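Structure incoming, see below.
Letters A, B, C and D name the chains as they come in the text, with residue numbers starting at 1 for each one.
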Amino acid sequence: MNKLSILLVACAFLLPGCGQETVSSGSPEHAGGSSFAEIYAAAEQALAVAEAKRNVWSRTEGLLRDAKAADADGRTDEAIALATEAKLQAELASVQADTEAETWRTRVLSN
Amino acid sequence: MGKPIKIRAKVKGDISEVKALMPHDMESGLRRDAETNELIPAHYITELVAEHNGEIVMTAYWGPAVSRNPYVSFSFTGGVAGDTIKIHWEDNQGDSSTTEAVLK
Amino acid sequence: MNNKILLLSVIIGLFAGGGATAGPEEDRTAMLEYYTGRFPDVPLQEFANGLYAFDEIAREQWIEMEDFPPYEIAIEDGQALFEARFANGKSYADCFDNGGIGIRQQYPYFAADLGEVVTLELAINQCRAANDEQPLPYLTGDLAAISAYMSYTSRGNTINVEVPQDNPSALAAYESGKQYYYTRRGQLNFACMSCHVQSAGLMLRADRLSTTLGHATHWPVYRAKWGETGTLQNRIIECNSQVFAKPLEPQSIEYRNLEYFLTYMSNGLELNGPASRR
Amino acid sequence: MKVHRRLVLKGTLALSAIAAWPRLLLAARPDSAFSANDADKAIADLFGQTPLDSDQVKMKIPDIAENGAVVPVTVSTDLENVESISIVVVNNPTPLAAVFLLTPRSIPSVSVRIKMGQTSQVRALVNAGGNLYSTSKDVKVTIGGCGG
């Protein structure tokens, strides 16, 4: 199992129950001290990259929407946690697309 | 006005077998719209009457637990090829549908 | 002839990317051998019935459904729509070979003029556009009904999708569909093949996974889960969602190429659509 | 609606002269039984009596439902003078699913497709000759993946 698979599987365990939008609690002091606006912008940027690779995960955009709503609601820690998760998802999707660009061939039955 | 009922009615010996398929949503009233999250109002067939040459051969009363696009089949004696089978339904919102078919 | 072979080998070389890459026919044969080896008791044409080829309990219920299947509503609606005239007096029959009857086995095909794969559903909307009619939504409803009627008239015909060997773009489209099929995607990191090759016949939660062989024979499908009749791409979108991948647009290039590959894998099987599924 | 009710009455009058099966000669839909949220209540409301288990009532229904949205059921019986066949899904929010009123010309066999919200006992009830007979079967409903 390669690193990506392990990462992705680990990530899958973070999936909340089907269809539920549970929220992981944000730590009050987030690393680097970036503002919500910065993290949100970075997540949007990462999402655009994944979108260009035609490989976006289905919950990422929802996380960003929820992040925006939480921020508007004054729930900043939650907003930051959501945007951070969205950014991570978008980045992983990009890595997945890049890795798969060649590895798919190893699975072909007629090989 | 409900959509027409699809009816297949066949006679074999003295027994006539009727199968019917009714396009209908059969909403239970318990489901939520995926987008708005609002409850979808109950909409289901409540009563069904089947007639052979004008005589009732089966009546059914249904709740919302009959599947979407309901299917029913039943049999009766005394029919011959060429006879008329008529099926009529009414639902809880006042819609209804009536379709006639020929016994084959 | 020699030139063609030369061209072909150049193309194959291009796509091989260093490793050996098989052509469509080798892909199909490999898949056929894989499934017939894994399910030696399943007669070939039975693969067109999906999980019902090897799940007895499900099969019994499916046979009861097929006795008077809800997709008959779609066939009837589809026939009426198919036969209706456009505002200009023409109809769908004017757009298709043989008046549109019994032709599904030709789809999808690679349209050399467009340089793209054309599915039957795309062709239905192309026909509408050519007659100044608005396009229909691709996944369910009227278009799925028309497609269901056209499938119904094609039942029993043998799927015969061609990848013209003299057209590198066609081969590229096929390869792109094949790549999509084998590529892992979504938060669950699944490829189509993860479920339908490696785990075919096994249970995934409550569902028994079907084989790729036969995936393209029976569309559109009345799926009990949907409560309506939908097209193959409606199901592909659902597959994407199930692995937490954001679906692409219906009839996007990727999906059409995937359908091209997928249907090619079922070449030689008889069409048996529309069908009912759980 | 009115016309239809009258037709039903006409169809059942002849029968009511033969025997006293008061609660079952329905001239109209038994709405209260359909809205009961308990299987026993629904049956009591509908029939006013407790069913006897009988192997003469046959129910064909899968052990494991492919999809709870569409579960094919056939209920038939060798009993004579069958007046009605009913289907109850014990664990559904409103358990009474369907009541079929038969006539002297009916073959006592009906098929229908029903919804089951979850694994449940399904009961088939046959009212014949003034008595109520039943059979039941447990049907497993599996949920088909997320959002199924």
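A few remarks follow.
Please note the rule applied: a contact is a pair of C-beta atoms (placed from the backbone, for glycine too) under 8 Å apart; a residue touches a chain by one contact, two chains touch by 3 or more.
Note that the coordinates shown come from a computational prediction; the quantities given were computed from them, not determined experimentally.
By C-beta contact pairs, the most connected chain pair is B-D. Averaging Cα atoms per chain gives one point for each, and the point farthest from that of subunit D is the centre of A.
Note: centroid distance subunit A to subunit D, computed from Cα atoms, is 51 Å. Between subunit C and subunit D, the centres computed from C-alpha atoms are 41 Å apart.
Centroid to centroid, with C-alpha atoms defining each point, subunit B and subunit C lie 33 Å apart.
Each chain gets one centre point, the mean of its Cα atoms, and the points for subunit A and subunit B are 49 Å apart. Shown for subunit B are the residues that touch two or more other chains, namely 67-68, 71, 73.
Listed for subunit C are residues 224, 227, 241, each touching two or more other chains.
Annotation for subunit A: no residues touch two or more other chains.
Touching subunit A in their complex are the following residues of subunit C: 17, 19-22, 26-27, 29-31, 34, 178-179, 182-189, 191, 193, 197, 240-241, 244-248, 254. The residues of subunit D lying in touch with subunit C in their complex are 62-67, 69-72, 113, 142-148. Listed in rising order, the residues of subunit C touching subunit D in the complex are 57-58, 60-62, 64-65, 204-207, 224-225, 227, 241-242, 278.
In the complex of the two chains, the subunit A residues touching subunit C come out as 4-5, 8-9, 11-12, 15, 54-61, 89, 96-97, 100, 102-105, 107-111.
Interface of subunit B with subunit C (complex): residues 3, 6, 8, 19-21, 23, 25, 67-69, 71, 73.
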